[in-house]
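Just so it is clear, A, B, C and D label the chains in written order, and each chain counts residues from 1 on its own.
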Amino acid sequence: MTLRILATGGTFDKHYDEINGKLSFTDSHLPEVLQRARLTVPVALDICMLMDSLDMDDSHRQTVLQACSQATEKAIVIIHGTDTMRETAEVLGAAGLDKTIVFTGAMIPYEIANSDAFFNLGFACAAAQLLPPGVHVAMNGKVFPWNDVQKNRAAGVFVHK
Amino acid sequence: MTLRILATGGTFDKHYDEINGKLSFTDSHLPEVLQRARLTVPVALDICMLMDSLDMDDSHRQTVLQACSQATEKAIVIIHGTDTMRETAEVLGAAGLDKTIVFTGAMIPYEIANSDAFFNLGFACAAAQLLPPGVHVAMNGKVFPWNDVQKNRAAGVFVHK
Amino acid sequence: MTLRILATGGTFDKHYDEINGKLSFTDSHLPEVLQRARLTVPVALDICMLMDSLDMDDSHRQTVLQACSQATEKAIVIIHGTDTMRETAEVLGAAGLDKTIVFTGAMIPYEIANSDAFFNLGFACAAAQLLPPGVHVAMNGKVFPWNDVQKNRAAGVFVHK
Amino acid sequence: MTLRILATGGTFDKHYDEINGKLSFTDSHLPEVLQRARLTVPVALDICMLMDSLDMDDSHRQTVLQACSQATEKAIVIIHGTDTMRETAEVLGAAGLDKTIVFTGAMIPYEIANSDAFFNLGFACAAAQLLPPGVHVAMNGKVFPWNDVQKNRAAGVFVHK
């Protein structure tokens, strides 16, 4: 079974730009991150887009849907910003693809101390291989169905609706 | 569903002792690691032992079996040294407990650069919640059944027998 | 000889706030940083303020001057944002205190991968002990006098005027 | 002023070998470390040897002496294991070269959490530029003359004799 990993940006992949002093996107950390994970399961990495999920509109979500639809793999992990993870999951859930799609992300960028990114990716890589077809959100060590999840922004955690 | 995490030591939890210049065990990193993972799934942490798995004998494996047997949780992650992970998995597999038990560990200690520990723990936490009862080894982004796994020591990866 | 370390914030001490997704200030990293440095030279740490140096005005610079003036130590390291480090150094330089004052900071926050913060602090701690009285800027492995230094913002390095 | 940095190994440069589970030497971290320090002072890096200082004998010390003697730079930082740093400093001190030579090292390898390596290097880079000619040991935020320093092994710190 090959695993597809689809990067869309989000907090996970934000990078500190030392010239302007802001967090933004340059290259994805995922090639380095996947090496560090020492995976022997075959992985196809697709850097689909690198953006803050608050800046996503429906055209971006259609691009993500199309990327999943065209993927030949049955197991897909999507790295996504947490702020609109639910919205993109809803677009994919409604499409009813016959694939196991697992969204994950991070509360702290991969390159910043105390980041949850690497744990979450590990969790999602297992979930994508073990869950039945459907669209899921995997955050905080839990699996949520796409139509029963929301982010509690004040607490910074994902919960059932 | 509560998740039990059982620490036994292994490379995952090794610590550099700056006085004698050696890697050994003092406290487990797991309390800090679990905080960093921002889990909302309830977790019961059991620091069962902290040792190099090459130093384990059958009495240690019986202690691990007993800890799993007495645990009230149905989902258990065991952090274990990679060198004899298979041997302990065989003892637990043969016991036929009605629980989902997932072994994981690390090729590089959690506190050393480029460690796979945090990814592996995330992977195992998902696997323990999603796999059917039985004993499994989760390493290199793959799930192996306890009776079909071995470590290729020259390559540093887990493979089927 | 006791060393005074005066924190004013700056990039060095910025912290990623996972709830609002921004870099800001909460607690200084310096207590942890100084422990990590394993200093046996006596150190007096003063968290004078925690702010972006672009937000400093003359009243803040007078506060820094006053803190240096009142300090009983002859060797002072000031952690400062790089954007207006020169301006604060000029205020202190013009005051002509009979102390060795060394400004330093960071291009990348201490808690972010690839940060120069810890190196710069080490460099400044030596410079403050070894330079004659006066006000100096220590960045990029170089010592600059307060009246002959500027930040090349496009390149992200300090240079002579 | 060009700075020469002479690597000899020591704890600073130890690397965890994930195949045999031991700390040993492969490549020096120094090229990456110096990039991270964002130095604009010219630096000449010489990976002279990579070894545990407990394994050094007089021939190794003569090699270090020769490297310093032949260097065209007047300011030299030597990265050295802490266990016999004093012995090598004595060989160089007795030679009376007309150069500023500063020894430093680390209690925890650069690649391991909580390492003092990067701070110590920064400290030594300033000391080598600011001290008069002679041989010095720079550890724990302090400068020691070569003939008045010893490592307190039980405490893991450098002290006067």
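Everything below uses one rule, namely that a residue touches a chain if its C-beta (ideal position, glycine included) is under 8 Å from a C-beta of that chain, and two chains touch if they have at least 3 such contacts.
Chains and their UniProt names: A, B, C, D = Asparaginase.
Source: prediction; values computed, not measured.
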Max Cα-centre separation from chain D goes to chain A
Averaging C-alpha coordinates per chain, one finds the centres of chain A and chain B separated by a number of Å equal to 26
Cα centroid separation, chain B vs chain D, in Å, comes to 38
Here the gap between chain A and chain D, centre to centre from mean Cα coordinates and rounded to Å, is 44
For chain B, residue numbers touching 2 or more other chains are 107, 114, 156
Contact graph of the chains (line, ring, star, complete, other): ring
Touching pairs here come out as A-B, A-C, B-D, C-D
In the complex, chain A touches chain C at residues 11, 16, 18-19, 21, 23, 107-109, 111-114, 153-154, 156
Residue set of chain A touching chain B in the complex reads 3, 36-41, 43, 107, 114-116, 118-127, 129-131, 138, 140-143, 156-159
